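The same chain A turns up in both complexes below, where it pairs with chain B and then with chain C.
Presenting the complex of A and B:
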């Protein structure tokens, strides 16, 4: 029942928000601070463009467009599912067992944990940059391109959410693996802020076919910016993001269930 | 014998207790080193010799600084913050040794552990894929001085931030601001040599430059002779000033302390 899931998620998130609101000054400061931390990457991009008009053949508005779509997708996915990365900690401390006896999916319980308006701070720089970059893009706006923007952000949210849950599920097996899986989640967020043509070709193949980060914003972005694909993939790849998103999410759900089924609790 | 070496030794043991977890962290440090290297490679292709660095310097900078994240502790504050929030700091204050000295010893043990477990992989991986600038014997010797100084400055800053919890009660907002400063103004996000004009001037004078940019410059052999002495002096001066500020704040905090619920 998807409606029920959304309702339970909302209810639990609201409970955590009310808890966070007990310390209003701290909550406001944290929201600002969260926004400031996520501003850093865009600050770096701006500083780089003070030194060169084009980087890897892309202009500042084009890179900021990629940054905006990537950061917005990642921020939304992080708000929805980011705390699943704490699974290893819950397993170590035995708190996952407490979640299992409650009548709500443990995935929802972990995802809503510590849900606070401060997480919304991440959306501010991302949406601001996207709003500023879009009118500055030198593209011929057609209906298809305009529709592609929200479509790619939604697909990006789904891909990143799937990756959050997938990498969290790995912690059922590799309890200490959290440090390494961050290279997929946070690393993926960093990578997709830049044109993938900056990176080595084999690396781009890896993030296209193995971990499908290229479908967050690079492939659809090539369509919006009307650019040639350096890997020479067929035109259809540019519209494949929603399909890739569905595959990633289905796989994530499957792996999560498998992990939960094989969970044996810790200790003696 | 003083108790401090023991504090440092037990911190070293504690931080080497989960080696797999530390190695997992260094995998992510390495992945970011590669991504940052490709980004800088593209920038240096557009602007060769930017800020006095050549391409090899820029790439070496990425791997070296990713290797330094653990020991210099760019991302996390001190455990002391949690103890102030929970009230456990009362136990720390009962001890017959100074609060600052105790936590400094603990942090030096932690830094050594992270140097052993987290710094190797990024450097080795970088050398296998790219040509990194090898440090000469003098540069390496100077770097061996600069790295502990960087840890000292880093500790001094994190200690000040942690002590603020005595007044703020919930210090997470301040911790986040501190993270922004230490990421951006240390050179971790972009080398400070890329920063234009006045922004670069300010960034190079702030204490965060002593964490990453100055030791990296020393490793790359950018600071030699009297310039090297000035670089190490810059680090030492900030370390002394910030540690002194921390000592003063400790005195004030002792008077301020109210343990929650008691």
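Presenting the complex of A and C:
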């Protein structure tokens, strides 16, 4: 019942937003702060272009287009599922147990936690970059190319979301060992494994620029820009993003369930 | 309401043995436990730290999957039908809140309403009722992090009861509460059980909870059920006898009398345990013979003594 899941997600997120809106000044300031921090990325790219107008044969608008689509996908996935990286914290503090006695998937509960309009600030730089890059692209616009842009962004959202959930699920295992003891002893040597779960966050960031760039926007991007693949992959690869997205999401769902089953058998 | 048959839960604990190698040992947190709880009962579940109370609760609520045996709650298998069961039970963890720290209590309860899909009208009515009973009014709009422990616990109770569950499971609901808050919580639970007919299972270290609320007590120790029955029979089974508190005119060495056990000495005061069969008058006379006695109090051993003795008995049985 995916419709139900979306509805519950929406209701929970809306409740969080309404709660945040009780402090409007702080909400607006935080949104701007989030946007400002993300703008540093954009500035870095701009600096690169003043130094080298072409990078690996791509013009500035082309690189900005690749960056923009990928960043937009990442920002949307971050907004939807970014808080899943807190799973480790919830396991350590025992709050995951509280989620498990409620009739909604803990994944949705964690993902909507703290949902705030300030998360929308993350969309600002990506949208800005795309708005700058798109009109400057030297591309012969066809219906196919135009449709490909939202399609690649959506597939990218699914891929990044899957990766967030996948890496979050690793924490079910990374926290093991101490946790098993903890459930028996009420004990507290749980702070020692903290760096391991922090690692998951960096892992996500790293993967962000390796794996998905191939399918989130490199391949479909080549189609939009009408470029030959330097690696010579078959033409079909350019339309493979949705399939990759499905595979990543199914895999993420599987690993999440396996992790949860593991947690429920060890209590860690 | 609850049927537990031969349930066990064991954990694998890994220890460092050498630099990389780790040795694995299996620890049974709960071992072959069986009991039933009928609808409308109010059952106290107690045991020392690490005895398996929380593990049992987690298996009943579907958080943990049992290693062996079978569990049925409200006719469902908790580990397989966790989310279905979640709509029919309420759970409160005394040691940690199920509310959200940053949200005002009212918003936390709105989130809960969406999680359980309670419709708006039913929610309003139920919230109004619980607000009255638990006196939530003054702090409904306060963020949870600013609530006192007693207020937070009342908020947690409301959160667990918004969807009107048939069974309420409480894991140490009065831990850390002051006397007044404890009384409020106890009175509320007693009314919930008697007026609404909600079945309640409560774990606690606070024997006052048991004495005030529970007709039936289950005691778990080292993962095994050591006692299951009513409170009065527990007193009779474990002869904790009576406690004689004597205050002498001046400090003196521990008394030595047949049948009398000195439990504690504090200055001129001594706590003496008498078996139920002992003649208290004779003991008092013997004491007065030896030393000058200032004051005397005789009382039945309270539940605390009973349980302490029971734990000890179980310990010796195990050896």
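The rule is simple: the second predicted complex is superposed on the first by the 225 of 268 C-alpha atoms of A that agree within 3 Å, B and C clash if a C-alpha of one lies under 4 Å from a C-alpha of the other, contacts with A are read in each partner's own complex, and residues count from 1 in each chain.
Throughout what follows, a contact is a pair of C-beta atoms (placed from the backbone, for glycine too) under 8 Å apart; a residue touches a chain by one contact, two chains touch by 3 or more.
Note that this is a predicted model, so its numbers are computed, not measured.
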Check your understanding: A:30 contacts which: chain B (first), chain C (second), both, neither?
Key -> first
Check your understanding: Can A:104 be said to touch chain B (first), chain C (second), both, or neither?
Key -> second
Check your understanding: When the two structures are overlaid on chain A, which partner does A:264 contact: first (chain B), second (chain C), both, or neither?
Key -> second
Review point. Of the two partner chains, chain B (first) and chain C (second), which one does A:236 touch, if any: first, second, both, or neither?
Key: neither
Exercise for review: Return first, second, both or neither, reflecting whether A:93 touches chain B, chain C, both chains, or no partner chain.
Suggested key: second
Exercise for review: Determine where on chain A the residues touched by chain B overlap those touched by chain C, and list them.
Suggested key: 177, 180-181, 183, 186
Check your understanding: Tell me, which parts of chain C touch chain A in their complex?
Key -> 11-14, 27, 29, 49-50, 54-55, 58, 61-65, 67, 79, 82-84, 86-87, 89, 91, 93, 95-98, 100, 102-104, 107, 110-112, 114-117
Check your understanding: Which of the residues in chain B come into contact with chain A in the complex?
Key -> 18, 20-28, 30-32, 34-35, 38-39, 41-43, 45-47, 50, 168, 170, 172-174, 176-177, 179-180, 183-184, 189-190, 194-196, 199
Exercise for review: Can you check the complex and tell me which residues of chain A touch chain B?
Suggested key: 23, 25-26, 29-30, 32-34, 36-37, 39-41, 43-44, 47-48, 50-56, 174, 176-183, 186-187, 190-191, 194, 198-200, 203
Review point. Any idea which chain A residues touch chain C in the complex?
Key: 8, 11-12, 15-16, 18-19, 22, 93-95, 97-98, 100-105, 109, 113-114, 177, 180-181, 183-186, 261, 264-267
